[in-house]
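Here's a structure for you.
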Amino acid sequence: MAKRPSPTEFIIERDDEKCIACQVCVRMCSNDVHSYDAQTDTVFSDSGKCVGCHFCETICPTGAITIGRNPSEFKLNANWNAQVIKNIIKQAETGGVLLTGMGCDKPYPIYWDHIVLNASQVTNPSIDPLREPMELCTYIGRKPDKLEMDYSKKEPQLKTKLNPQLKLETPILFSAMSYGSISLNACKSLARAAGEIGTFYNTGEGGLHKELYKYSPNTIVQVASGRFGVHKEYLEAGAAIEIKIGQGAKPGIGGHLPGEKVSEEISSTRMIPQGTDALSPAPHHDIYSIEDLKQLIYALKEATRYKKPVGVKIAAVHNVAPIVSGIVRAGADFVAIDGIRGGTGAAPTVVRDNVGIPIELAIAVVDQRLREEGIRNQASIIAAGGLRNSADVIKAIALGADAIYIGTAALVAMGCSLCQSCYTGKCNWGIATQDPYLTKRLNPDIATRRLVNLLRAWSLEIKEMLGGMGINAIESLRGNREQLRGVGLSDIDLELLGIKPAGEAW
Amino acid sequence: MKKIKNQISKIKNSGYKAKLKRIIIREEYCMGCRLCEVYCLVQHSRTKNIIKAYKGEYPKPQPRLIVEEKGQISFALQCRHCEDAPCLEACITGAIYRDEKTGAILCEENKCVGCWMCIMVCPLGVIDRNREGKKVISKCDLCIGEEIPVCVKNCPNEAIVYEEKK
Amino acid sequence: MNPIRNLNNQAIKKDICNGVNYIIIGNGPSAISAVRAIREVDLRSKLTVISDEPYLNYSRPLISYLLSKKIEKDKMVYCHEDFYKENRVELILNKKANKLDIKKKNITLSNKQIIPFDKLLIATGGAPIIPEVKGRDLFGVFTFTKLQDAEEIARYIRYNKVKEAVIVGGGLIGLKAAEALIELKIKVTIVELADRILAATFDKKASSIIEGALEKIGGKLLTNNTIVEIKSKNKKVSEVILRDKKRIRAELVIVAIGVRPEIELVKGTSIKTNKGILVDNFMQTNIKDIYAAGDCCEAKDSLLGISRPIAIWPVATGQGKVAGYNMAGVKKEYSGSFTMNSIELCGIPTISVGQTYPEKKGYEVLEHFDKDKPIYKKIVLRDNRIVGAIFVGEIERAGIYTGLIKDRVDTGSFKEYLLKEDFGLIILPKEYRKHLVTGAGIEV
Amino acid sequence: MNYFPGKDISGCGLVGIMDQSGRRFSGRDIITSIASMRERANGLGGGFAAYGIYSEFKNHWCFHMMFESKSAMVQTEEFLRDNYKIVRDEIIPTKEDKSIKYRPLLWRYFLQPKEEKMKLHYDITEEDFVVKTVMEINTRIEGAFVASSGKNMGVFKGVGYPEDIGRFYRLEEYEAYIWTAHGRFPTNTVGWWGGAHPFGLLDWSVVHNGEISSYGINRRFLLNYGYTCAFFTDTEVMTYLFDLLVRKHKLSFEIVADILAAPFWDSMERESPEKREILRALRITYGSALVNGPFSIIVANSESMIGLNDRIKLRPLMAATFENKLYLASEESAIREICPTPDKVWMPKAGQPVIGRLKKQNG
């Protein structure tokens, strides 16, 4: 048959009355969408190359560019919709796995949007966060079953020694994004913002670039299946260590950083030869069972002389509650659970969109299970996977998470418009790229400021909502599902989430 | 005697030795979009309207800054308004002067005769000949009347910033 | 630290111990520049400027513009009356300093007035060289360096309806004069002793471009020639006779074969001179408290490493500033200078800097020549360092090269880009580039 | 006394009186005192706890039971008999009062756990065995409720105004060294006899004014330690927290106050490094036991009585002493009603416990 290119996804409309042919768009588009014709002093656009990142639209000084969806339609078909057809066409041409970036975009139910919060009325005063202290400080790490005190002296003495803890000024951390998947400037911005806010960012499996060592008090270093860039200094640089078993966007599969992205800097950071593919195996080849994980946890604790919390990150899958229980019993000080909507720099579309469970259900069942087993205090739970705003955060915490990880939201704060083309390495916003021409577009001063603003804004909103509930410390909300009610959820959803339906009183 | 004192205080207070702002270039963040150039051109056009400046003014207005680009490095360069400004010393007409308030090195166009001495001595090469028909120079004036020069204001990546001299 | 702020602190100290009597002879750029420097440091002391010209001040390079009526006389002033008032300068005009008594530390003016000084700056500038030719004192023979010259020439042209003129000397002054006269619709013949015009600053190619342009606007050029006699009719110039016996009709002769330092005042004193007054690195003569700056003195040529007069504006202002600071007690060393010129001739902008025409071996030359436009660029290097440059037709960003010469930058790593079209700071080594954009008092 | 006008809309009234020398006194005073705060109750609940009232059975567990039906009583007795030796059982004496409309069957049992039954549970303490029993009855036997289960103490409560309840139970005829009382204005649960305060477990009794916003997590925190909250009341949670922290974790009342009404992180900074370390460890470990929201409580056990406010003092609590007696009440007037000239009256600060302890008796 005839060669059949997939229809373009976007249409670029250029208002000729407004276009001054300044060529800013021509210079800026890494996908070479725009071109300038000197003969006619006109700028042309090739919509077929557009990924819909909106950089040109944002930067055009006259607002001459509009990126719209291609109105061209296939015949309406609920089953064989346009995306399905396009994917088949693409695969028929390439014979390959379809790749994508960011988190699952399928319309699975978003439970956050079916959960509502409580507020005080009459019987219990709400608290004004602008006038009264409102505490978001959160400690991540293993808590003892009880504290033992010695009352023999005049003042009581603490007999129990606490395990190492991470102190968060707000219960939001930046989730694992490796140097490699994102640019060094993006890493720096996350690190600096974490420092300014008093929280942590996570190296992902990209190792720690030498310029990032100075941010180590706010760094969680990750140990993943590829063990890239893992060495003594690396482990010691982290405030905590996270063993990555899985990721919400691609549970059960490994990672792949193409060789062309493995620049000199990345090669030295990851400790792999320049230009070679960085392949993270699907499993850790030294972890084939829970007792192997225990060994790795304790090996890392030994290596860092029990001075840092060691946690484990997994993707939320069907059996998540027993798995987390096992991980806690294996000695993890915190467990990060990444739901199906968690982001990625590159993943097979089919995996991203079809594997794993929503984070809301995962947190609910894990928290409940750990409490029933009496081990909830032994590890902190960090929820991750597509949390979009402070309401999602506060609901996650009320469901039982100690803190939450944000990745996508942080990227959006830095400029990302979710074009899902991270895997191409041509990110116009200078985030998911290593091209020095593009990475300089992310000025860490600006990005840091924006990240700090985002966390400040969310923290303020959380305080407002807490105050409204008459609560002045985040720990009084953590796991406090009485403050949640479900709207439009089935009985079994409500049961799994451990919340009552809206309308039901205490 | 009082008069002398007044005069002395006038000299002492005279202008640019106070805290002044300067444009600082941070080439590591310059994207090379040239929006600074676009806005500079508009600011120094007759209409100050971006579409008219580009589409309706002839001769085409001239930006007062230069964007240099090579490989992945780029930066916008405009007059540094040097403290020890060689152009000021080289100007044979007194057309180039320092604005006492802002410390900007400015050119009084009706004094300038276009001898290009300033072009010869400017080590940054940021003084240009006017190409709009006058035999005078063309240089950055820190956007007289604007609180922040337009190149700084419109730089999308803060690669040019306007900061108080430390 | 801000050096200016330091100076201000010193200025405040100085306020307490005022009482230095500063005298500056001359009212040109170096004098003005010295006034600025002195007043930056010392606000109270007495400061007197003496000029033998009747004008407030004016820019000598502008006289050709005045002659061609491109500018009005009031535009010649580059420093307003307010300047003297604001800086509390006592201005003595139209008085020549005739005598300098080093021992008594005073000077005698043309009106016999004796003025004492504590610190003296001699900034008497230059004087035109007039060749020993017959008829040189005739009515209609002029030099062309002062405002008065331009005014007199203009008056002479007007009264005598001058149609033809001869200009002796194809240097910058001669050519600017020629251009002005051509503008006034006078037929001009330039007589140049060398084989080409602008021989002192240009190379042959550059000269020939200008020669071509000169011809285009109607200027006639005779090279390898000079005048031997000026003939008159009715006591007025009528004709010049050249070395080759050729005769050229001319009602006006402008002698522009160069300037020499004006050092008459120090003749017979113990102040050492060569061609000009000799000064040290602080612009002080061999006599304490007596300084010299500008066209009258000889200072370090940083390219050639010798002392010689460099009669150009920026050098004069630079020297005046250094002299002023040192007179006021702030040690400042003169970094030296080198010759450079910017001039637009016949509509072609040109810039020449340093050694443009090396005759000895050991130099490397880079060239770009576009005959049609015409554009000519030339870089002269020695040991990878630029020592000279010529720009004809396109002078944009020429100052960068001047800077590279001044800072003696090793261009080894970027030599091949020097004459590329997109030459700019970006090709310079990053450190130097950063120094340039952040230096000069701007710290990042 | 109401220091937060406009905030304290729902208002329960609390009173606690303790003679720290151990001298017992009649229930007349506390009825008078709580009656003065009739305004703070709405007739949907009132109750008292009394310590030292059963000295002849002071070594036996005394269960105050409420039965809604005869069958519930039969089932309960069967269950009790299985596990305990019933030393004595009797109806709780009452005096009919026209304001008390409905009443369950009220019975009290003096019990001795059977060794062989306790042995079935590996390594269980007698207290835990009793707790287990109480939880079993309360959750498993329909219509049966254990109002109190301590030794030498009892809880007397019901639906009605507290002074009516007091007279109904003939409390002026009892003598105790600690009395606590509660007049209820319920907002969360409808009025029923078992839901009235005080809540009792073992020898703990809790009277409480407030609404605990952290209830959800406090309850789930207790779940982690094996407590099942059957009644969905704040008081129940409070009682179990005290039981866990004081009895099981062996923490002092001062420490428990620092957990339940934890100081703010900022104010910890002003403490000595040692104190700060302890407070920080407490909050990290027991953050989920922080009781958030407005409350004032009076908690008693056989050796002590503690008054405590929430961390920002959103509910009233006053304290006074007179000779050996410690008084706690929602309003100062309720204290002065029975003790017109106290030695000292003060308003405890937010989160600062007032602790009355039984002075060590010789022998």
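Per-chain residue numbering starts at 1, and chain names A, B, C and D are given in the order in which the chains are listed.
To be clear about the criterion, contacts are C-beta pairs under 8 Å (C-beta built on N, C-alpha and C of every residue); 3 or more make two chains touch, one makes a residue touch a chain.
Here the structure is a predicted model, which is why all the values come from computation and not from measurement.
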item	value
Chain nearest the overall Cα centroid	A
Chain centre separation (subunit B, subunit C; CA means) in Å	27
Subunit A and subunit D: spacing of chain centres that average the CA atoms, whole Å	47
Centre distance in Å when subunit B and subunit D are each reduced to the mean of their C-alpha atoms	79
Whole-Å gap separating subunit A and subunit C, where each centre is the average of the chain's CA atoms	68
Interchain contacts (touch definition) - all pairs	A-B, A-D, B-C
Residue ranges of subunit A touching subunit B (in the complex, touch as defined)	17-18, 20-24, 27-28, 58-59, 61-62, 435-437, 440-441, 443, 445-446
Residues of subunit C defined as touching subunit B within the complex	2-5, 8, 11, 15, 29, 33, 39, 43-44, 59, 61-62, 65, 70-71, 75, 77-79, 85-88, 313-314, 317-318, 321, 340-344, 349, 351, 353, 395-400, 402-403, 406-407, 422, 424-427, 436-438, 440-444
Residue ranges of subunit D touching subunit A (in the complex, touch as defined)	4, 7, 9-10, 187-189, 210-211, 213-217, 219-221, 223-226, 232, 248-252, 254-255, 262, 264-266, 274-275, 277-278, 281-288, 290-294, 311-312, 314
Of subunit A, residues touching subunit D in the complex	120, 122-125, 127, 132-133, 135, 137, 139, 141, 143-144, 146-149, 151, 155-158, 160, 162, 165, 367, 370-372, 374-377, 398, 400, 469-473, 475-483, 505-506
Residues on subunit B engaged by subunit A in the complex (per definition of touch)	26, 28-35, 38-39, 50-51, 53-55, 71-72, 154, 156-159
